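Each of the next two complexes has subunit A plus one other chain: subunit B in the first, subunit C in the second.
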Partner chain A sequence: MLSIAGARAVSVAEALFQQGARAYAEGTYPLAAEAFRESARLEPAAGTLQNLGNAEWQRGRAGHAVLAWEQALWLHPFNAPARNNLAFARRTAYLESPNLRWYEVISTWLPMNAWAWIAGFSFWLSVGMGVLPGVLRWNKASWHQLVAALGLAVFLLSLPAHAGVNTRARLGFILEKDTPLRLTPTAEAQVVTRLAAGEPARLVRERGRYALVRTNRQLGWIERDTLGLLASKP
Partner chain B sequence: MVRTERHLEVETLTQARLAVGRRCRFSPWRLGLLLIGFALAGIAAQTRDTGSETETETAARDDQPPPETPRQFINAGTRKLHEGKLREAEALLETGLASQVERLQPVALFNLGHVRFGQGAEELKKDPAAASAGPRGRAAVAAAEAAIEDADAALADDKVQRLVAAYLHGRGARRELRAATRAVQKAMKTFGAALNRWERASGDFKSTLELNPADADARHNAEVVDQHIAKLVDSLKELQMCANALGEMKKELGDKMQQMKGRIPAPDMPPGAPGDDEEEDEQPRGPEPGQEEGPTREGEEMPISPEQAGWLLDGFRLDEGRRLPMGQETTSDPSKRDRPTW
Partner chain C sequence: MVTFFRKPCAVAVGLNRGQGWLLMCGLLAALAGSATAQPNIPGSPFRLAPANQPPRPAVPAAPTPAPTPAPAAVTGAGTFATPPPFHDPLLNLMMAQPKLDVSSPVVASAVFDPPVVRPGEPAFYRVALNALEDTMSWPPAFDAPAGLRLEPRGRGQVFQIAASMMQPRAAFNYHALAQNPGRFTIPEYVIRANGQDVKVPAATLEVRPNPPSTVAPGQILVLDLAQTNLFLGQSVRCAIRLPGQPGGIVQGLTQVKVEGNGLVTDQASAVQRIETRPSGGVPVASYVYEVSVTPLQTGELSVFAQGFAVGNRFGGPIVISGPVTIPGGAPLYTLLDSDPRRIRVRPLPTTGMLPGFTGAVGVYHVGTPVITTNVLRVGEPVRFSVQVRGTDGLARLVAPPPPQIPDWQVFPVAPGAPPPPGVNSPGFTTFNYTLIPMREGRQMTPPIPFCRLDPVTESYVDISIPGLEVTVEPGQAVADLETLAQAARVEEVEEQKLALSGLTGSTGLATGSLVPMQQQAWFPWVQAAPAVLFLGLWSWDRRRRFLEKHPEVIRCRRARRALRRQRRILRQAQQRRDPAAFASAAVSALRIACAPYYPAEPRALVSADILAVMEESERVGPPGAVVRRVFDAYNAREFAEGENGLETVLESAPALEQVLARLEEKL
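== the complex of A and B ==
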């Protein structure tokens, strides 16, 4: 049942993708963006997100475009077109890139799911090489220990990347232009500054309909709807 | 009047929270230590000179170490508020608020509201003549109306002496109009600055209320500030109308005086003091010293042809026509979604 439902979702996502591609080619960018967004919601894919970013950019919604391209890179870091478009958009709109910590930079080297596979495989390989020879009464060989040690080392080395994936999940981008950054989470709050669409911001915590975010320079509150998280469905 | 009792309450709260905060649960050990602390403090107080505060003590209090924690910033800001140093108080409270410690925010916002209300009141105090600008403006308008009537009558009569008298009358009225206009503009600036501060104060009290809906003092203060704002807005509207009326009168009176000037023969024209004539408003003797336009950086104008100007403008034109390169068209097939492979 689940596989049937999954297959149906994939076919619908495919149809929506094609519809979006046609609309994009015709120049009806709002329609294209909606189709790509719906397709990506049903089945997140780097290509769909990249096209969603293009359609949003053509609509003049820089914040949504930057988010979509970043999400494309989150799923598939080797997506050069998305990376190039992101660089172009940042240069054109004078936007900053997010300040990543060293372990977050490591986490960008591979797709986020790859780290889970690597960690899982290396961990169980290490455990297997340590335990199985004894259980299966194999003759102890030095290569068993070598592989176990290697597996453990890879597992340990992948841990910072996991931390990076975890903290990057709280990274977001401002969706609307001139979003007020408030001093307090209140409607009548003092506005500290206004943030440009596409500016990076880290979610610190939420209170009601406001989110406390840390930008590259300041800490303040914005309305939750105006922040698009990297690790959220479009 | 804005309730100010809260200042004391704020101090009590911020200081008391460290020792007897409602959220603290005291274990017997903690309570014992606290009692010992109180006893030691009592002994210290007994041994200390209980006389009035000396200058040395005041200086020592001023030399307190700079605040480091959000609580210290807010307490320092509250102290400055009591001392009437509003600008410093605002900076300190804002710093405390910006640290985003949620339980301190209502207190900081409440006091910030007081600071900004005080700043608005200070703006009004700086210009005591602002309150009389409206009546002065109305009086100037009335005088100008009388001068215009006089001018109409003189123009109809067409007697030189009458025209000269009306012209002099108009000149006096116009001088008063100018002075009243300046006063009204200054008052509007003052009221605008005060309004700006009070609107922020109202926002602060309302924010306090939003964070702590049970805060009756904040509700009361927000209402009081809003009432003050409403009065100030009424005054500003009145001043705006007055400024408009002054402008109209000035124009009308200027036209009449121009007509009278045309009818009065040159020998009978009354001598005027500098600034009496309308034309002299626009600095007839050229710019004042210090207002002259400096030479260009290069020293001389560069003569260029229209074609050259066109090329230059083309060079400065923003690249609004640039489109985002559709990257996937060059490096991958756009008709395929590349799905995550993991």
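== the complex of A and C ==
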């Protein structure tokens, strides 16, 4: 049942993708953006998110466009058009790139889920190569220990990237232009500054309908709806 | 007298809003400078020598030649130097401007034009005030009378000279339509203008089937578009026509705009004329204002034109053909607008695009390029120009990017300032490039790829700029020239890369969720699966090693299994009343039950072996007797002629079951 439902969702997502592409070609960007968004909601895919970013950019919604392109790279870091579009948007709109820590930079080298697979596989490979020869009564060989050591090394090396993925999941982008950054989570709070659409911000914690975010320079509260997280549904 | 402005305004004499700000800042700076009279401010015309210091002559701050300072005037304790003659043209221009009248009482007028119409015939609700548009709280809070549909349309502001002051005049238009006869009155209401409450008087529209013939229809502009199905970036010519009134009276327009989202108007391309056209069988003179507009947004766009009727005040040259009567007297500055028109704007075709496309949509022709000299030196720049002729959109035509080739460095030259408003476009534009040859010899200048989109065929047409044959002689190029050229190329390539990509044709790498796998609820369980697997393997290995040390455990287990099987066969034989089968199954069951105690095959066991396994009391008691009887019957059947005891062996079934149960317990 689950597989049937999944296959149906994929086929609907594909149909919406094609519908969005047609609308984009006709220049009806709002329609295209909605179709791509719905498709990405059903089946998040790097190509769909890239196209969603293009449609949002054409609509003049820079924040949504930057978020979609970042999500495309989050899924598929080798997506050159999305990377190029991000650079183009940031240069055009004078936006900053997120300040990534060293382990977060490492985590951008591969798709977000690849590190979990690598860590899991290498760890259990290492454990397996330590356990299986004895259990299965294989003749002792040096390559068993070599593979176990390699697996353990890969596991240890992948841990920083694993942590980077975890922290990047709380990275977000401002969706609406001139979003006020407030001192306290209240509507009457003093506005510290106004953030441009597409500015990066890290979610620190949430309180009610406000979110405490840390931008590249400041810390403050914004309305939660105005922040799109990298690891959220499109 | 100082007039304070709420906001710097762009006066009607060719200053835009930015220049208005400059004027304001300059005025304020000058006033502040004169009020505080700070000593020795560079560039300031006023200089103050402090008290208790000997007087000294004024020294011009700038090294530029200055007029001879006048003798100093001494007043009281301070000595003031006579300022040099004042020559700041910007300040002069600012001081020459008439003042803006914002102190007069604001008066509002509101009328329906015409005041009487037929049902279904449009009328115009016009509101005008002598105040700045930006100071008003518009739209006001008033409700249209029931049965009258009001649709907001044009709004604008114009300045008129009155008593050596510029008086602002803001106007707002609504299109009114009533389908049924009646009198529709918009009552008096109050709006804020120039910081004060202003009453807008009531206005009444009468709708009746037979209006008096003396009432002239309301003035309306007519917006003619050469095309309404355009490509993005394709310029189209708009003709905004103000039909003349009876008697051939024609008025001019000022501040003509084509309003609509996603459009840009090229005012440099504007031309105006008065022409006579037949309308309804009679020639009608009309004022026509033509301008090019370019859509910057795809989809359905709604546009309309507006402008102030200014009587005989024509700005710029005008061509008049046919008999025309131009009214005299002061203009009324009535804001007129047109009905909206819809434009369909299509995106550019994505296929077939050629190199060098910079948004040129339309018909353009590239002329023969011109180079300042055809004998060059290596490393010396030379100007390369080419004229592009076309119909529309020349002001916004972007030169194609220079090619990147190793033998030449090509730099685009920034275009000059656009022609000022009112100056017609010359019908061509010039692309200038600076070429620097990097290699000597006879060669061609690099051809520059350029293409345009033909809106008729909807295809891209190559109009590349051809190269010219030149002779390059050895020059005195510095050693780093090549390095600089290479660096410039790299930067250019980086710049070119930054453009919005097209759509991708496939969904690409997909996942179930954008939340990382390690943050999903199921991830720990998935990671626990290998742990469970390895734990199971380890447990299995331990058990296996234990069984290897204790093989009797397996023998007993197998014996129990086989015994249960034989007991089923035994019961079946008993139910069938088959003594031979019963005896055979009973012996087999006894042998299987005792086999684990002997290092022998079960078939090799005899009655004594079975009895040896049993306890002494059982051996001599009924269980032993049952065992012997069963074996006797079995042996008799196997080895004797007759069937001694077979007939009675079935009777010992209950006792045999007990014996077998006891033996099974022992296993």
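Convention: the second predicted complex is superposed on the first by the 234 of 234 C-alpha atoms of A that agree within 3 Å, B and C clash if a C-alpha of one lies under 4 Å from a C-alpha of the other, contacts with A are read in each partner's own complex, and residues count from 1 in each chain.
As a working rule, contacts are C-beta pairs under 8 Å (C-beta built on N, C-alpha and C of every residue); 3 or more make two chains touch, one makes a residue touch a chain.
Note that the structure is a prediction, hence the values are computed from the model and not measured.
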Regarding the shared-chain residue A:165, is it in contact with subunit B (first), subunit C (second), both, or neither?
second
Tell me the contact category for A:155 with respect to subunit B and subunit C: first, second, both or neither.
neither
Once chain A of both complexes is superposed, is A:29 in touch with subunit B (first), subunit C (second), both, or neither?
second
Mind working out whether A:85 is in touch with subunit B, subunit C, both or neither, as first, second, both or neither?
both
In the overlaid three-chain picture, which partner chain does A:57 touch, first (subunit B) or second (subunit C), both, or neither?
both
After lining up the shared chain so the two structures overlap, which partner does A:188 touch, if you call subunit B first and subunit C second: first, second, both or neither?
first
In the overlaid three-chain picture, which partner chain does A:131 touch, first (subunit B) or second (subunit C), both, or neither?
second
Answer with first, second, both or neither: which of subunit B and subunit C does A:173 touch in the superposed model?
neither
Touch check for A:210: first (subunit B), second (subunit C), both, or neither?
neither
Intersection of subunit A interface sets (partners subunit B, subunit C)
13-14, 17, 21, 24, 39, 43-48, 50-51, 54, 57, 75-76, 79, 81-82, 84-85, 88, 111, 113, 117
Residue numbers of subunit A touching subunit C in their complex, please.
10, 13-14, 17, 21, 24-29, 39, 43-48, 50-51, 54, 57, 71, 74-76, 79, 81-82, 84-85, 87-88, 91, 111-113, 116-117, 120, 124, 127-128, 131-132, 134-135, 162, 165-166, 169, 230-234
Along subunit B, where are the residues that touch subunit A in the complex?
94, 97-98, 100, 102, 105, 109, 200, 202-204, 206-207, 210-211, 322-328, 330-332, 334-342
Spell out the residues on subunit C that touch subunit A in their complex, using ranges where they run on.
232, 298-299, 345-347, 350, 497-519, 523, 526-527, 530, 534, 537-538, 540-541
Touch list for subunit A against partner subunit B, complex
13-14, 17-18, 21, 24, 39, 43-48, 50-51, 54, 57-58, 75-76, 79-82, 84-85, 88-89, 92, 111, 113-114, 117, 183-190, 192, 204, 207, 212, 219-220
